[in-house]
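Chain naming follows the written order as A, B, C and D, and within any one chain the residues start at number 1.
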Amino acid sequence: MTYVTFPLDKPLDFAAIGRLCIDLNANEIHRPMEETMTFTKYVGGSPANITIGMARLGLQTAFIGKIANDQMGRFIEDYLQRNRIETTNVVTDQTGAVTGLAFTEIKSPTDCSILMYRDNAADLLLTPAEVQESLIARAKVLLISGTALAQSPSREAVFQALSYAKKHGAVIVFDLDYRPYTWKSAEETATYYNLAAEKCDIILGTREEFDMMERFETNPEKDDRITAAKWFDYSAKIVIIKHGKEGSIAYTPDGVGHRAKSFPAKVVKTFGAGDSYAAGFIYGIMQGWTIEKSMEYGSAAACIVISSHSCSDAMPTAAQVDDYIERCNRGEITAS
Amino acid sequence: MTYVTFPLDKPLDFAAIGRLCIDLNANEIHRPMEETMTFTKYVGGSPANITIGMARLGLQTAFIGKIANDQMGRFIEDYLQRNRIETTNVVTDQTGAVTGLAFTEIKSPTDCSILMYRDNAADLLLTPAEVQESLIARAKVLLISGTALAQSPSREAVFQALSYAKKHGAVIVFDLDYRPYTWKSAEETATYYNLAAEKCDIILGTREEFDMMERFETNPEKDDRITAAKWFDYSAKIVIIKHGKEGSIAYTPDGVGHRAKSFPAKVVKTFGAGDSYAAGFIYGIMQGWTIEKSMEYGSAAACIVISSHSCSDAMPTAAQVDDYIERCNRGEITAS
Amino acid sequence: MTYVTFPLDKPLDFAAIGRLCIDLNANEIHRPMEETMTFTKYVGGSPANITIGMARLGLQTAFIGKIANDQMGRFIEDYLQRNRIETTNVVTDQTGAVTGLAFTEIKSPTDCSILMYRDNAADLLLTPAEVQESLIARAKVLLISGTALAQSPSREAVFQALSYAKKHGAVIVFDLDYRPYTWKSAEETATYYNLAAEKCDIILGTREEFDMMERFETNPEKDDRITAAKWFDYSAKIVIIKHGKEGSIAYTPDGVGHRAKSFPAKVVKTFGAGDSYAAGFIYGIMQGWTIEKSMEYGSAAACIVISSHSCSDAMPTAAQVDDYIERCNRGEITAS
Amino acid sequence: MTYVTFPLDKPLDFAAIGRLCIDLNANEIHRPMEETMTFTKYVGGSPANITIGMARLGLQTAFIGKIANDQMGRFIEDYLQRNRIETTNVVTDQTGAVTGLAFTEIKSPTDCSILMYRDNAADLLLTPAEVQESLIARAKVLLISGTALAQSPSREAVFQALSYAKKHGAVIVFDLDYRPYTWKSAEETATYYNLAAEKCDIILGTREEFDMMERFETNPEKDDRITAAKWFDYSAKIVIIKHGKEGSIAYTPDGVGHRAKSFPAKVVKTFGAGDSYAAGFIYGIMQGWTIEKSMEYGSAAACIVISSHSCSDAMPTAAQVDDYIERCNRGEITAS
């Protein structure tokens, strides 16, 4: 059954708006960051990673965001272009803002953390007037990400992008991606997440992220179905709620909770799992696949990313995902 | 024809959320404020004035807001209580914020201005968690006012109040009341006015206020009907657009533009006209009167207020409005 | 004995830098402000009051400060000019700042309080570059006041004025006038008060104000002589420490603690006592009078101000002070 | 001739207060940072570098500063301790501040730049109350650095440290180290640099840094002798003014301008030259050497640092400096 219909006549498959930053990944891993002496630089930020993932899978993509007017900003723009991502709406800040940073610490495959630099980050300075209506008018899908709602004027830019997407009929995907940095209060967070989610067709998040959104509501059992039902009353057609190791469930307005099998992986670190999953899943839905098959595709993409050192740079091509699934099916890959 | 249906089983006729401040009105008028030596203190703020107006007209009312923990704040709370306005959700600030002030200058009946003190104003510090769901659940009508959207956390408190009003079926009135103070940019203003207006049943504002909301839209002729039609696609049932001396027009989803006659007045100053008009109009609609009769009632209430020295304190009773209309009809009142 | 020598060849007797604001004095007094309905407007701010006092006493005076670009600001400038105070260095703010306000509450002659509006106050926006070196070069005396140290850039403007006064040989008077508003911390306060006091010839303050400055020092008994001795090691020649009802003591580097008799008064309120005392005292010292006679003159000036409704507007002329002293000496005035 | 006398009975040779951060040095050099893929982590910040330099030269040292409560902060503290620098007054921030960062770009030996992260930096949050009087009481020398004056409360902490140093008789060294980041205006900078410099015995800076301090003064020819003379009127005994390639001149109150020969070096990058020069020079003066010999020692130390990849980590021991000078004297080292 088809839950989401895409405007197939539009030339741009996928556009995302939001965070665009630098990951500095520890080269010496399996130790605390205090003992890490060198770091490798990658493009990062959840919506940037997903867009890179979509581009690697072969889609026409574009990014809407703001970069610092410095060496880090120029590196990001260049990397997007080398990945064939349209950057006509990647604006360069002129106020002296910096590029957000994420230093990663990999103590063990299951004990990873991030040291964030988000003060005065350029990506949060995107303004509503800088969002190009013409770009969104060309796009089949607009993806928004929660971190871009954390501050003005980026927050208003996201709402303006949502307004354009609604007007021009793009399918809207909301990757909740809640991170406490830069938000002033949990109440503020709940307010804007809810206002944005009302306008979205596909919502992906963890159970904890949905709990945060239900701060002023009554769902004492944290019941997925109550959560999903709220959004079906607005615009949603698919609500994916992730339960960590217990797996994810995709809810649809017909009352079905869709689950998919997972794949083994030789885990290096957990960063990037969600972004690659989102890319793989949205790609599948856009191909007209079932929700279950799309979820499997997302899982396989995630396995590839968590088996390698980077997030963005490890995003797989469709051939790599297909190959991974086949090798799993042949039993050639086992968990670490 | 009835355009708006009120939940008649609810005990509280009217609740408003937002600005609550002090007017300091020049005693020596018809001169520049430089030459004014004494000022008289009144409760002020558009939603407070409207609530006082509704209470004077005989309705059960309540206010949702925040006051400074000082002599000005205590004066405000006492004044509301003396006007039989419920203050259970008037919260006292504990951070050292001050009461917003408006010094009025009346150079002539048509040349009035306001000197505003809005820095660190207590009313803008109301938080979403302080808004009482139970109060809104008891209310037939919730009125919101644009100035409360100007800053966090008051902005989020308004969206939370809107969420409760939607959940419990209150009719929502939006008095645009745009004032440039405290807003960071015109873009920010447009974003939140639009997000709020999507959820409202009755929207009142000037043509210039609606223009401000259409900053990112296409309405080159500033056509009232294009403006109104947008909101009928969301929740609106009545959109009143005020054209200054050319009068106001109330648009309804059936395509009708309702107009009403106006009344003469001996004008002292123009302050408070909009607030008394709003009170009279909403009162009329709640009585089940036609839109035209309600607009006339609002006009008569406004005439009474602009003929006197204060805003809040001059809000008329129903008997006073009836009397004014009768005297106008008998030709006993002529314009100044 | 002469403790301070003034550069008598300079044409301007007295210049002050700092706070310049509006007092709104309750007209209905001897009640809480909640019950006050009308207020009368006066120029206020400690250094402004002192300057008005000096002008009334017949000296050539000037003010260095910043006013809001509004009706309040224009009223202040006009009032200074009508009192023959030079305003060539009274700068008008262009950023939308407001005029600081002080609402006074007079519950009884001994129970007075002030409700302050100091957010975004124009006087705190004076910059170092706006301070006219040529004006200070013409002045016998520069008075600085602690409130102007509370925020940047006013804080730096005061240090720049001190630098010019040192360079050109003006006698520097520091009226501590500590008020907690707008200071971020008690530590910050102590730092800048001390840096400024190091450069001053005459320092006036209450015992509590000197305690605040000794936050990082050792004076467990709060011993006036330890306090004064510190400043004699820098530039001070007179240190006046006020002990409320026990009276004031003026310390000098020769080890003497000077005291003076006080006068009876029919007290209306206590506001303005310190400012009129400072004006009378500095005037006396500039006349070459003994410290004791100068202190008496300050006391008499203070008695006149606390017997009337305003501060600035009640500042006495020399004839009025002389007359007050004579009437007290004849026993015509007794305490209220 | 001896210009500065040190309190030889104190057990701690050298204490510095101020910036303490992380350098991330490009591993792939001689290219724009856009093309640098990996970075190596070092302790950085001018006063930290100087302290490390003093410790390497064999002195008893301590640091007064604040570090972030994260992996970067812990790395810094550990590095200081491994270099035998006392860290009893290195305070850990508890507000979520981050460690300042400096990404270095080395395009060529003469074309180097720095990308700074100074927003919400922990080192600028040191408060006056956190400065240990007992530590400063034990120190022969206190070094302050201009960047710590850039913001409150670090600015007040420096003035408090100066106050303690004066009280206990430490020799005070001011390394101007002006960097525009975090200062609000050039006027503000001039104000606090001057207030601090008034209290210092030895002042080191570039001609441009002294120009910045003379913003409100008259020195049209930028005459070193006018500059130096001003500070001799306060506390200074040595004022070193650096003229880039033309070399440095050390002025003393006797009117002498001291110059020293320089050494050749195989330059990798210019970062760290000033810090190692300062360490070498102060070390020499503390040994009782002539100013000229101390300047030579500083130059040799600087040559060693600019010939290597890091700043802090390349600070030489006394044996290394001696060896470098000897090899230069034997003609074994020539310029690159």
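Everything below uses one rule, namely that a contact is a pair of C-beta atoms (placed from the backbone, for glycine too) under 8 Å apart; a residue touches a chain by one contact, two chains touch by 3 or more.
A quick note: this is a predicted structure, and the numbers were derived from the prediction, not measured.
*Asks:* Please flag the chain sitting at the greatest distance from subunit B, going by CA centroids.
*Replies:* Chain centre farthest from subunit B's centre: D.
*Asks:* Find the geometric centre of each of subunit A and subunit B from their Cα atoms only, then give the gap between the two centres in Å, rounded to an integer.
*Replies:* 42
*Asks:* Just curious, how far off is subunit D from subunit B if you go by their C-alpha centres, in Å?
*Replies:* Distance between chain centres: 61 Å.
*Asks:* In whole angstrom, what separates the CA-based centres of subunit A and subunit D?
*Replies:* 44
*Asks:* Using the touch rule from the top of the page, what residues of subunit A touch 2 or more other chains?
*Replies:* Nothing qualifies.
*Asks:* Draw the chains as points, connect those that touch, then say whether the picture is a line, ring, star, complete or other.
*Replies:* Per interface graph, the chains form a ring.
*Asks:* Going by the touch rule stated at the top, which chains touch which?
*Replies:* A-B, A-D, B-C, C-D
*Asks:* Can you name the residues of subunit B that touch subunit C in the complex?
*Replies:* By the definition above, subunit B touches subunit C via 24, 27, 32-34, 36-41, 70-72, 74-75, 78, 98, 101, 103, 105, 115, 117, 119-120.
*Asks:* Using the touch definition from the top, list the residues of subunit C that touch subunit D in their complex.
*Replies:* 127-129, 133, 152-153, 156, 159-160, 163, 184-185, 187-188, 190-192, 194-195, 216
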